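Dropping a structure here in structure tokens format, bear with me for questions.
For clarity, chains are labelled A, B and C in written order, and residue numbers in each chain start from 1.
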């Protein structure tokens, strides 16, 4: 009896194993063959399962699988999760398999430096998007230090949204801050630049800050807790997850100014008259990074700047407008059919005219790739280098930046 | 009765004594397959890369295994690694001339953390899982207070040693060899045998005169020091510090121990096998990558491999059982007893 | 059981005591908003902790919590958006999320593999399969009936739906754990598997049931979280694993099984939620918040020790 049971168990396990292996091998993508003819491109993502990452990955793949790219390159997607060690391992594997270009969402700005340097030495081109890496040989394309299109002097998501909140409050009031993931450099840059604005106004009092992990559900829970303690708060400054903040406010019956990132729900509320601003990180960056990498392969390393800033989107209560279909037309900027936490900024007309709602939601290849215009206008000013590279360029040193940037006086790089 | 006891003992010890060999075989077969699929993985450069990559997890998994052998669970592995990583990166940037002294200090800090865990568990008689759950949260908090965002630059004098070669051998391989030798030696000492005895049956160990509290505390101290070394090695690998550096180790360290066929019921387990288990965890994604397996399914394949690894001892048992059956012995009674006992211990030592 | 009952009474006393004491942390406390938030956020924790508590009571531990929560949330949203009526969508979501517990239960009861590693592996597989099936796309919008439970529009006989649900969960959980044959056999198994077997309890079947029921509880939490946030990311469950274990321990259950009662667990869920609201109000930095949180768990362990609880 017992023996039979054991036998059944082992049999069952063997069946599971066989199933697993067949399942795993069935999942082998057909393009994964050993056709050494084509050069290899990798799109390396972090964790998956939220709208931002999903859309960023879809758009990047939609561009990377465009017919003219697919004809020339073997393109593969790799997901590294949220563990830097796993990303280091995956990058090593990509380098070892002869990668030509790696477009990556970096989990850490610093931990990947040794492996990226290793890859550069082997002739691999690295383009990091959204997050940045400090390794000097990699290209960075990020909105972290980005400025508004209307006024390129108005830089930094954290500072600009903080200023907008101060303006909405008329310079006085109690403010709460919904931060990102504790212990990350992106959160620190946003927070520090925002605080430098708040600190200029004696009438503004930051009464509470909490970490929403850039997640709508966590943001909503943390905002609910904080609102219980501060029912008299006048405005909330938020990083991604602001749709959760708005929902917490609605449940508490409060309609106060909120600045946040690009969720469909915030923009919908803005269009209905909620006071606030929607700005921040655009998933379109992933696709732009792929195009940038392709240009470097085609035209050489000097054809584009090393440090690129994506412009900050800027939508207010006055400008929020629902789109009649799946396109940004006539100044519309969110979608009626999308989920609440859908990130609306999937278009970047100047550098990514081929983007579409379908590409962002399904990753379907775009039909034709448009040439990338000169990226020089999007080059990051050397004065903001310290935020993304950890050091200033040669001939520059750290110090407060007083000119050419609003708000003035933020720490940065100045000419020696 | 006597016969049953001896067969029972045989059943319990035999598969585990082979654990290092099985774990090593699994690892080397997978790495061999990797080389078949992707020959470049056999180059000295990539082998060094791989050994460096697996070192932090391997070192941490040995600590985890030690506490599992003691019959406890140590969740503070993640917090200790984060704290060690952050303290080392901060201090080394501040005084790059004292890197080796700082490394020693960090290991001493790990010993202190281990001692706190050990005293709470053994003197106050609190459950290890609960205590280390709490200390893990506290340690992660301290790491965040010390370093609010990733940073710190670890001097190249430190990283180049940890990630480099000593002659033609990776330094990391020497560290892991030394660690394996340390484990084998430890388990031959009175302390090591006492740790296993306590994990096997704490009451019996006490009755036979083993100083349970002192030995338990020593085990936690050793584990804490190992986690600190893992945190230092992470500094070597990434050349920087991060307050969240250790969080992913919470589950992978236990998975490595499981792939090292450790008994989660206490008393049995091998640090050497856990080192190979860590290697297996890291070689699986590389192998799947080389096969070109679609990204989303990698996690599912990893989970299945862990479940399959758990069945290996049962298969070993099955073959022996068949042999015994041929010899015409009726071992049903002892099997029943052993299986009940297994379940019983499973519950007590969680 | 007596000592666990004592700890439960202590927990309830602390909850009631802490409501006025919250004044120390904020001049706006105590308030109706504070109590409402505690009940609403405590509800999720209480449901997750019911499953975890049952598993711990039987002498195991369950690390598959995040995967089951995410499956429940994702598939409820998925089916609702496919046009299924909400009750059916919720039922299907629960059914799929309970598969995690079902498989845990089958493996744990038919082998002597450690629950720690079985549930870890099954959870990893479940989460990966969800990622594969959804291709990384997060859960869709919640059906409006679920949203209405939390957005303050609905009330049941003048009370917030979350309060009604909390009371229902408390009573149901207490009944299952302490008043059914199944619940009593779980206590027996947790105390001594050998004795339970001798007493004629169907150990394997009950063990299997424990994990399955736990999986359903996590799925239910996922469904409610979907309604609360009117949408869900695939990693929505990640932040609930360690708190679920902490609440069970703080509530006076022995981590090695056999003792505990659900009333204590619910009190602990409310206590921890209330404390986290207080800590949030006090405006400590995140690192300090975590240190305090860890210290509370440790303190609760000591309390249950002093209270005469056995190991």
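In this section, contacts are C-beta pairs under 8 Å (C-beta built on N, C-alpha and C of every residue); 3 or more make two chains touch, one makes a residue touch a chain.
Everything numeric here is computed off the predicted structure, so don't read it as measured data.
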Centroid-based (C-alpha) most distant chain relative to chain B: A
Pair exhibiting more inter-chain C-beta contacts, A-C or B-C: B-C
Chain centre separation in whole Å, for chain B relative to chain A (CA means): 35
Whole-Å gap between the CA centroids of chain A and chain C: 33
Between chain C and chain B, distance of the C-alpha-averaged centres to the nearest whole Å: 29
Shared-contact residues (touching 2 or more other chains) in chain B: 144, 148, 243, 294, 296-298, 300-301, 304, 307, 311, 314, 339
For chain A, residues that touch 2 or more chains besides their own: 9, 48, 79, 182
Interface hub residues of chain C, defined as touching at least two other chains: 111, 131, 135-136, 286-287
Chain B partner contacts - residues on chain C that touch it in the complex: 58-61, 63, 107, 111-118, 120-125, 127-129, 131-132, 135-136, 189-190, 192-194, 197, 203, 242, 245-246, 249, 254-257, 285-295, 297-298, 301-302, 305, 311
Chain C residues within the chain A interface of the complex: 25-26, 28-29, 31, 33-34, 36-37, 40-41, 70, 110-111, 130-131, 134-138, 140-141, 150-152, 225, 228-236, 239, 276-277, 280-281, 283, 286-287
Chain B to chain A touching residues, read off their complex: 38, 40-41, 46, 49-50, 53, 56-57, 144, 147-151, 159, 163, 234, 237-240, 242-245, 248, 282, 285-286, 288-298, 300-301, 304-305, 307-308, 311, 314-315, 317-318, 321, 325, 332, 335-336, 339
Footprint of chain B on chain A - complex, ascending: 1-3, 6-7, 9-10, 13, 16-17, 20, 23-25, 27-29, 31-33, 48, 76-79, 82-86, 88-90, 92-93, 96-97, 108-114, 118, 182-185, 187-188, 390
Chain C partner contacts - residues on chain B that touch it in the complex: 73, 120, 124-127, 129-131, 133-146, 148, 243, 251, 254-255, 258, 263-265, 294, 296-304, 306-307, 310-311, 314, 339-340, 342-344, 346-350
